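Listed next: structures, encoded as structure tokens.
Below are two complexes that have chain A in common, paired first with chain B and then with chain C.
Now for the complex of A and B:
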């Protein structure tokens, strides 16, 4: 009997001890919504069926591009220029489905800005060509490299292909210009290979296993970059050239792919790629994506589901973009109302993705608005 | 019986231990005979002079903004710095009898005129800013965003801004807190409704640049008041500082010496950590405008200004050699910046101040 009392008292004492000190060891394992959504399955689908195929295709396109540069530089004629321009366009198109993933291996090498900083800086390009000096590590050269710089070199150095070809044959700087072109395509190829190798190696596992929702988690990184890249589309591909940040003063030359005149085409590829990531949709079918996640946590928007609102707004925004015509720079000059109308619908989607989706999923947006101080 | 007694006393000991265990993980008021208010509405609080100097700074900053549209006057700015020849638009500043300069750290007092001269020189240029050319540059992202940059890309308006946060504000706050911690300020004689200690503490609070009901209300928060919010997601400086200012001030009025010293030391140390957090916040901003030469250089100038301002904190833990080593990570010409440089600056500061886990979210 006595022993029983001792035991009971000791148990009670131990209970008091545990209770009183347990607060300090409370930990949060990242599940903020209490739902049972299988994020690992989503990350597996996105990495295997969307991200790695995108990097694989982009890497292949940069190999073709670099090979076309080599052929053109060896034999600079009209046929090889046309072939090079086609290889360039293919790479730029594939980039639209690749730019989103600027975290992990891509973030390590600043892949997005190294590949696609525009408007390109023609003065800096020409300085680099005439001086024969180029340091790829200088951030000041970001606007003088990548796809936009090649866009200028291959389409913007003359009024037509005959004039462009002359810049690589008879012009006094032809030799330096060819060297610069080769340096730029080689750099793209190297960067694409670096990122793809990392994803095919250890990073894929890292990505799938970081399946929480905290700031370092893959869902957190992916959603942040999806929203960030989407805002680049909205602002840089459409809004800024259309003058939405400058009280109506337009900047038609600031569009993406200004010289090759495929801005609308690229913007459509870009938004469709972002839509596919959202839906988890790929050549393998409609897999687990952010849409399924929002459905699982029963995210609401007004009286309906947030997922429906987002899907509808994707459709509306894509419809407005489809109403635009290339060259977008001319469209801005001739019918800017259509361009700003597209921007308005893109902006509505920003709010849904950046505010409603992130709060429903408990994900913190960690980038700033980048609008000066 | 004896055994029962032993057991009971064991239980009692456990309960006492458990209670004390609980207390150690929450905050223990040293003397529960006074309450700490939720806002800085102490009836006799007076930090008008600190607010006046922050206002003088704002007027200087506004004059510096004119460098974006034409030449500005070094004489005007230097007169404002010393409150000479009625230089301010706000008449009360001109007749206040106080100034910024003589309240600043010695090195800050001599640095500011040269910062002014550098900015004035840029303002006289008629060319746009580019590598090797001083002038006004336009952000490639936003045509409405412009900065006055030297030929090497330095925005001295921002360097002055950060220097003032270090050389005037941090310097004043840490100097006051150090004196408080060493009990060298009188807390007995009442002058103008306050003891000297109460007034010094109020001035330190005033320099922080926040409203009395901060952080619930953030309206009008400037300089450190703005930056403590900007870094708050990674380093909760708002709460640390506000709690300490409130507790310390209540303790002063209630002659609770232990709490006064404790809170003074918290504020003193927080100011240096806050500066480090601000450096990392600027690193993040640099990365967000990484392909925008003009905006990036301006943000690099902010970052540089914060690192340099460590020198103005006489109570800093970081050594001169460590500061110089971080400054050496900045390129001589800001147009020569590389991603590696940016990461090196981030890593050096994050490591020094134990911010590695939050370095990317500050």
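Now for the complex of A and C:
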């Protein structure tokens, strides 16, 4: 037995010599002062100052939107159309700060895809209008509902507001179109209220208390959804319309908010919202966020800190987006190089968020469930 | 000296031992398999891993292994349940264990995305169990045919499992003898603080010294536990350590059934009297059955069969010794290239993550399309693929095929891949200029993997 142990020790020693010459880490990770990052404080800040205010504002915007729809449907005139369009834009803008949180109550009702699946399916919308039949649970109707469908109804059914108005007054389908509009805005309002009620109720506590990093922990859910939503921004708001996935064939009509022509504005609001979550920044000031977490675990990127790299890349990507102008669809047709340049910088941020950030925090990037070993 | 070794070897093979440890192993392994398979189904993994994905990462040389479609896959898993029950209770044992081994291994070969060392371990254990008469004591087969019952078996039938387990632990230990693990306390210094919300010890896990203690203890445990289990003087303490170690890792990390499997199968190291007690205990809780009194009888195999089995086992253990060392034949850093990484009992050794963007170029027009990986892969597949060169290559070939079907001749597939290893920060992983469509999978080194450089 002793001989066996000696033999094992010798072999082991030999392997130390062989393997120790290659090292991958430079002793830079891990909290140095030994104290742990207070994830609960981060979750508290994020939920109280960012998530719940976002849902509250979005819910309020859907109430205003639905009221504007009612006014317009009762008295469809140019003034009420303009007011409705403004209410719609406000809701769509607020959605950009709301879409990230597709976990918990939002996930239960598939809030993100029910609210913002685009490009919207004009044929499906028109079929629903002429048949007068609409089943909100039908998969085909995902692209015929929510903000993109309203975007089409309020801005895309005519070349200008006079033509749009005619669709709701003199057109043969005007009555059906008005009721479809009402159904869509009511659905949005109901969904927004459902999620907000859940967050104002028990879920807030659930969220703050699940302060581990395992599957189903709030940090895990939030980071996974942040990365996922960021990729939606990169791919669907910019990349796909600019043709990066289609050998240069561009799809200008696939941008977000194609008809209301505020795609760039929305993309900027979207990335700034994601940046604020990262920073823990809100109207209440710069609270605890993922940036503080990365600083705490001393995460490195090349020779600098990972946090600096991420903050810097946010700034670069936002700068490139700011160089674009609405309508984005026209930009894609006229100056696609600027759009793909923005895409390239967005892409770099993907790597930092998806790979470096999650790996430094020990968070598994997965949208499913599996064992490791 | 030579005589001494020969003597030891002969006693390793032929000493007559009571069969009880084999019967207990059969029941322990079988019941934990039954739980594992049911858990796998209940979690919806049959669908998530084998039905939903459009594309599967097969193993080199096993391209012919394909999933069977929804109905077929569920039948396969039903077979796993049935055969696990059958060999646990010892009913039509040979048929059951061979079918279990075949079905389980087939499932594992469908997609390397789900490769885990403990799945490989299950295949190895099931394979070894095919060659031993584990059903000829305390089993339904013996009830059916009392003449099958034996009380003694040659020692090799038990010792092969001990040898296998010693190899597993020892190689797992050897793989921890690296700069990263011992000197940098990586990846535990990333993983442990992530568990700081655990009750009682959570606060400790953020201390750097704790990561060192865990790293060193883990390495020493793996290196020596096999030998401590072999030694009758240290066995009880060793088994206690086995339980503590595996339960702790099971608590900290998401490693599924692995801890329980190891706790169950390491029972094999105990003496035959312990195993007899276990069987008596089981007899006590099972319905009483009248059996004929145990006559002492020994397992006899015809010489020819013994020779065949010996040959198979020698081959098996030769492969077991060689596989974990094959990485020495490849240049570069093993954790980075992962050439020779699988099938080597390298468990929980690295925190590795990656993001990869594929580009398909039409050589005729020079135009390029970036691929949205989620169109073809599940999130799990994409995560695994991003850090493993052989999977990157397989996926690149798949993409080339897809675009060929779309009418593009000889599409050029390149990949921009960023990987971070043990907190190194992401850096380019493979040569993004190389046309992966024309690179072939071989046993050789993939030259397009960029070397790992420290900053």
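One rule holds for everything that comes next: the second predicted complex is superposed on the first by the 331 of 373 C-alpha atoms of A that agree within 3 Å, B and C clash if a C-alpha of one lies under 4 Å from a C-alpha of the other, contacts with A are read in each partner's own complex, and residues count from 1 in each chain.
We adopt the following convention: a contact is a pair of C-beta atoms (placed from the backbone, for glycine too) under 8 Å apart; a residue touches a chain by one contact, two chains touch by 3 or more.
Please read these numbers as outputs of a predicted model, since none were measured by experiment.
Peer 1: In the overlaid three-chain picture, which partner chain does A:244 touch, first (chain B) or second (chain C), both, or neither?
Peer 2: The answer is second: A:244 touches chain C but not chain B.
Peer 1: Please work out whether A:285 is in contact with chain B alone, chain C alone, both, or neither, and reply first, second, both or neither.
Peer 2: neither
Peer 1: With both structures superposed, pick whichever of chain B and chain C touches the larger number of chain A residues.
Peer 2: C
Peer 1: Thinking of the overlay built on chain A, is A:119 touched by chain B (first), by chain C (second), by both, or by neither?
Peer 2: So A:119 only meets chain B here.
Peer 1: Identify the partner contact of A:172: answer first if only chain B is touched, second if only chain C is, both if each is, neither if none is.
Peer 2: In the superposition, A:172 touches no partner, neither chain B nor chain C.
Peer 1: Answer with first, second, both or neither: which of chain B and chain C does A:110 touch in the superposed model?
Peer 2: A:110 contacts chain B only, not chain C.
Peer 1: Which partner chains sit in contact with A:215 here, chain B, chain C, both or neither? Use first/second/both/neither.
Peer 2: Touch partners of A:215: chain B and chain C.
Peer 1: Take the contacts of chain A with chain B and those with chain C, and give the residues found in both.
Peer 2: 5, 12, 16, 19-21, 23-24, 215, 245-246, 364, 366-368, 370-373
Peer 1: Spell out the part of chain A that touches chain C in their complex, as residue ranges.
Peer 2: Against chain C, the touching part of chain A is residues 1, 4-5, 8, 11-12, 15-16, 18-32, 34-37, 39-40, 211-215, 217, 235, 239, 244-248, 297, 299-303, 306, 347, 350-352, 354-356, 358-373.
Peer 1: In the complex of these two chains, what residues of chain B are touching chain A?
Peer 2: The touching residues are 3, 7, 10-11, 14-15, 17-19, 21-22, 25, 130-131, 139-145, 233, 284-285, 288-291, 293, 295-296, 302, 335-340, 360-361.
Peer 1: Which stretch or stretches of chain A touch chain B in the complex?
Peer 2: For this pair, the touching residues of chain A are 2, 5-6, 9, 12-13, 16-17, 19-21, 23-24, 110, 113, 117, 119, 123, 137-140, 142-143, 215, 236, 240, 245-246, 249, 251, 364, 366-368, 370-373.
Peer 1: Where on chain C does chain A make contact in their complex?
Peer 2: 43, 45, 48-49, 114, 116-118, 170, 173-174, 177-180, 182-187, 189-191, 193-198, 202-203, 205-208, 211, 223-224, 227, 230-231, 253-258, 328, 333-336, 347-348, 351-355, 357, 360, 362, 365, 367-372, 378-380, 383, 386, 418-426, 452, 454-455
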